[in-house]
């Protein structure tokens, strides 16, 4: 274990922020305060946290419709994210994007994306920019198990492989694409093997194990930064809730959901491990929990109270100049 | 006769057509919705909005086919299956997803008949959701039917109510040409009287939902509801508005529009699409070219602005042509023609 | 000043812009054309039609990037690279291939700025070939610019000559919004005087290629050549035709069109696209809505028919709006207005 | 070797017809008699011949821009093909499709296709029709090395794998996609492995060896007809001529082209093998050569002399009814 205390706390904070955020969003959605619809990331927090810890603000990620966790882990401001989810003035997209389009170029966040499989080619473009300019920047795309079937994702893999781009493909196998199980929709059953066919390393890891993701990612980033080309990682972690909030999940058995709750909590696993190894103490993490709870309480209140964009905003920002 | 929602009408029609013709199959993402899950049902969802509910149970997995997220393969496979004798009904969940499968629609299915010299038949129906109003944001809210209307070889259907949805969907499935069937998501819960037995409504035949004398209001899909409201409201003032619902954009019932403008001399077109190269532009230009002599006033188009659909619910409301905007366009056209009549009369 | 073909003008502009700004990169299939081959050159082709010849040699493989056949990844990567600070010029070999990459164009690149609240800039130029006339058949001959013109967030350029091609391409590459640059394949060998030094031509500014009094002829891309021929021919009969080349369809120079129609009272629009939801419809409808009072005759549209482009060279010729068809539309409009003038006068 | 004399003669005839056809097209194109542009299949004939020998008229193939050989091998009428390439009335597409769109539903030929990667999903649809109806029909898609990079092809592979469709993916690796070498554009370098990643058998064979393709195809068809699902085959065979006729091929070295001519002739290899094994005699094959030469002579003359379609034809066949 080569992580410093600071790194451990950082990792924990990134995970806890995601959890606190999406659990709160879930309650707010149920209370009817959130516009549109939202897709919760609970259960998958270790993937985004461990992946993004290796990235700088000048590195890029491409995200998905289930992007809250990715944004938080990449360093997007939680207050501005909330303003965006509430579609308010001052939100990261000034209220025009909403939950499925949060983006922040200053943090290297190329956008959540409501088109399944659209982000990987875009992230490959960011990797191409680094490669073309000869920097050591890298880019990463998050890809769901369902998205792993979309043609665009294969094209992104191939282009990154052909040009040896500093690119990481992070498959998040959470078991479902909407209401259809990965057991059914992934032809051949092996997502990682798809990336492997393009000649890149493609380890499969437990996505609820922060340390496993962290290690796999360390290797992938090192490879990318040193000009050796792309990698993929398949991280397996069950989705806790429905596809979108409100989905009754009739396609999942009671037993499966119980099992997910029992064994699929990356935060619990992290805490058990760091306590067992005496790397951190309960109080370290409790303090973070408390701090984040207060932060999100505050920011949710601010977001709810914030002004709507003017009607005029409908017409602006289509072009820089037209 | 029972009242049924658009959703119920579509669901019922799918079942009836599948019973009627064993060559009809349904394929798409989550059309059963439950395959590969852990509960004991393989049809847990029946489509994201329940449009295909019950079909898997009745017709089984070789006719109601859950697919991966793979729009090009869904549409391409529908095309190939059609060439091989089936009558596939493919679901493209949101029309916004044509971006990942347009080639199969535009260059393949739509062109087979023509580029194979009239020797191939491609009876594919593509059901897809259109429209804003649900807070679904910039990539799930488009009213992109003009983009497909312009494609030779496709027929494009834009039903505005449950009765039409049922009859037009039956026609679509029985039609030997490829058909894009556009379901406005904000209409799914709209209900009207719908017969239980199956029936068809011919393509290219407009429905005159309000008869009137002073101005012709052509509206598509959900906009027909708004147009009707405007007509009803203005009727109270003695302004008589004729509302035309073309029901299909391709073929387009040009004659119904010409006949009406011949009578009224005034035209307003309402289209939820973005303005450029829209159906509003198409209809307006047709009248300006073919029925110019009838016109007693400038034509007015009421469309969405040249912007994406914003996520914010209030901005989204402002984006969609509203009853108020339509009404004011109608009043403007009447005013303009008064002015013109005064000037020339 | 030297005469240069459209092909030479484009090639020269690409080189000049790459010299001017190191952030400009070129990517696409075979843009070097020779990578992975066995001869000792990695730039054996410089694009299928030689448009990018010489660039690889001068700028190397990190700026002139041969890609696999992978249009979604080409366009997507251009978009991502732009967000990350580059100014990519992506080549989509034929516009007909938008079917396999439209999502990246329509839902991603075009919308980034808007859906990210004005905080992202996407200076991508997509160069692509349009048009019939080369016997390339139903899947390689489309004039699909209306399909992209309707997309908010995109600018669409349709140059009709080498001088414009150079200035407009420079503007496109320096523009911070995404631009679709449509090169008509039948124009590549057309030549005119083109300065050696770089220059820009602003978007949204029409070029009046013939001044006239009696009728306004708006034409796009290759159709400008035909329109000019019609104007020259009719001039001999004393019929004075004003030809407007909008140069960009989005933004569209509406004022130039209104000003001209204000003068002539008559409008013919020529567009090689299929008729429905075309630029012909767009321009005709604009005038019918905004400049109705000026009109002294019905508007006429001259477009391709509502059919795919056939392979047969003679049928293809019949498909493309011809000088004869344009001329007869102009005569018809003049006749119609005489009739109308006679009737009302 | 389990092939009968009839089968051997059939295989040879299918190959020779393709060769004779495209060599003649090449000369005609150079002489300026052919409209549009054409892509020659010379060097790859064994693939189409050996593959299509296993197929019935009720089985389907999806083809490419380089489709003449596929059409001939699948049984399209040579005279009607020539009429089509000359864009004449009575051509398989009545002159509206031309070389890149030849199709014949009666022969299970779903069309040459000018969009790279478009045919595999369509062919998968034909396989799906057989599967849905419970027949033992199969479908096959030809896929170039360049096309193997297109997203649509991966989607077709996955859908066939998920549904266990009676489908065969025939990769034709001829070394180039237009002017770019497969060595460059195939990320990871292994086309067959891409199909393998979807859990289907994906052997790689010498595409100039009729017998190798024949054997691989026998296994794939047997698997498909018996409901065991899809297979892929990568057949490697160099392209003799340019991408399109007229391409100067500056990207290929003299040595490469010499080597192709020396070792890349499937007809020569076939003849050597059947003679060495005493399965056929020279005279058997010479007779076929002679017959086909005369046939094509005759049909080319007919095609050149045939009437053009009426101008009216521009407007017909867009719809069955509108």
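Observations on the model:
Letters A, B, C and D mark the chains as written, and numbering starts fresh at 1 in each.
In this section, contacts are C-beta pairs under 8 Å (C-beta built on N, C-alpha and C of every residue); 3 or more make two chains touch, one makes a residue touch a chain.
What you see is a predicted model; the values in this text were computed from it and never measured.
Of all chains in the assembly, those touching chain A and also chain C are B, D.
Averaged C-alpha coordinates give centres for chain A and chain D that are 44 Å from one another. With centres set at the average Cα position, the gap from chain B to chain D is 40 Å. Note: centroid distance chain C to chain D, computed from Cα atoms, is 36 Å.
We define each chain's centre as the mean of its Cα atoms; on that basis chain B and chain C are separated by 30 Å.
In chain A, 93, 95-97, 101, 113, 115, 149-152, 155, 158-159, 162, 184-187, 318 are the positions where the chain touches two or more neighbouring chains simultaneously.
The set of chain C residues touching two or more other chains comprises 67-68, 70, 72-73, 96-97, 99-100, 103-104, 107, 114-115, 137-139, 152-153, 305-308, 310-311.
In terms of which chains touch, the assembly is arranged so that all chains touch all other chains. Against chain A, the residues of chain C that register as touching in their complex are 25, 27, 62-63, 65, 67-68, 70, 72-86, 88, 103-104, 107-108, 112-121, 152-153, 155, 175-177, 204, 251.
Residues 35-37, 87, 93, 95-101, 113-117, 146-147, 149-152, 176-187, 249-253, 255-256, 308-309, 311, 313-315, 318 of chain D are the ones that touch chain C when the two sit in their complex.
Taken together, the chain D residues at the contact with chain A in this complex read 149-155, 157-162, 184-190, 193-194, 196-200. Touching chain A in their complex are the following residues of chain B: 29-30, 33-41, 44-45, 48, 66-70, 72-73, 96-97, 99-100, 135-140, 305-308, 310-315, 318-319. If you check the complex, the residues on chain A that touch chain C are 60, 62, 84, 91-97, 101, 103-105, 110-111, 113, 115, 118, 120-134, 137, 139, 151-152, 155-156, 158-159, 162-163, 316-322.
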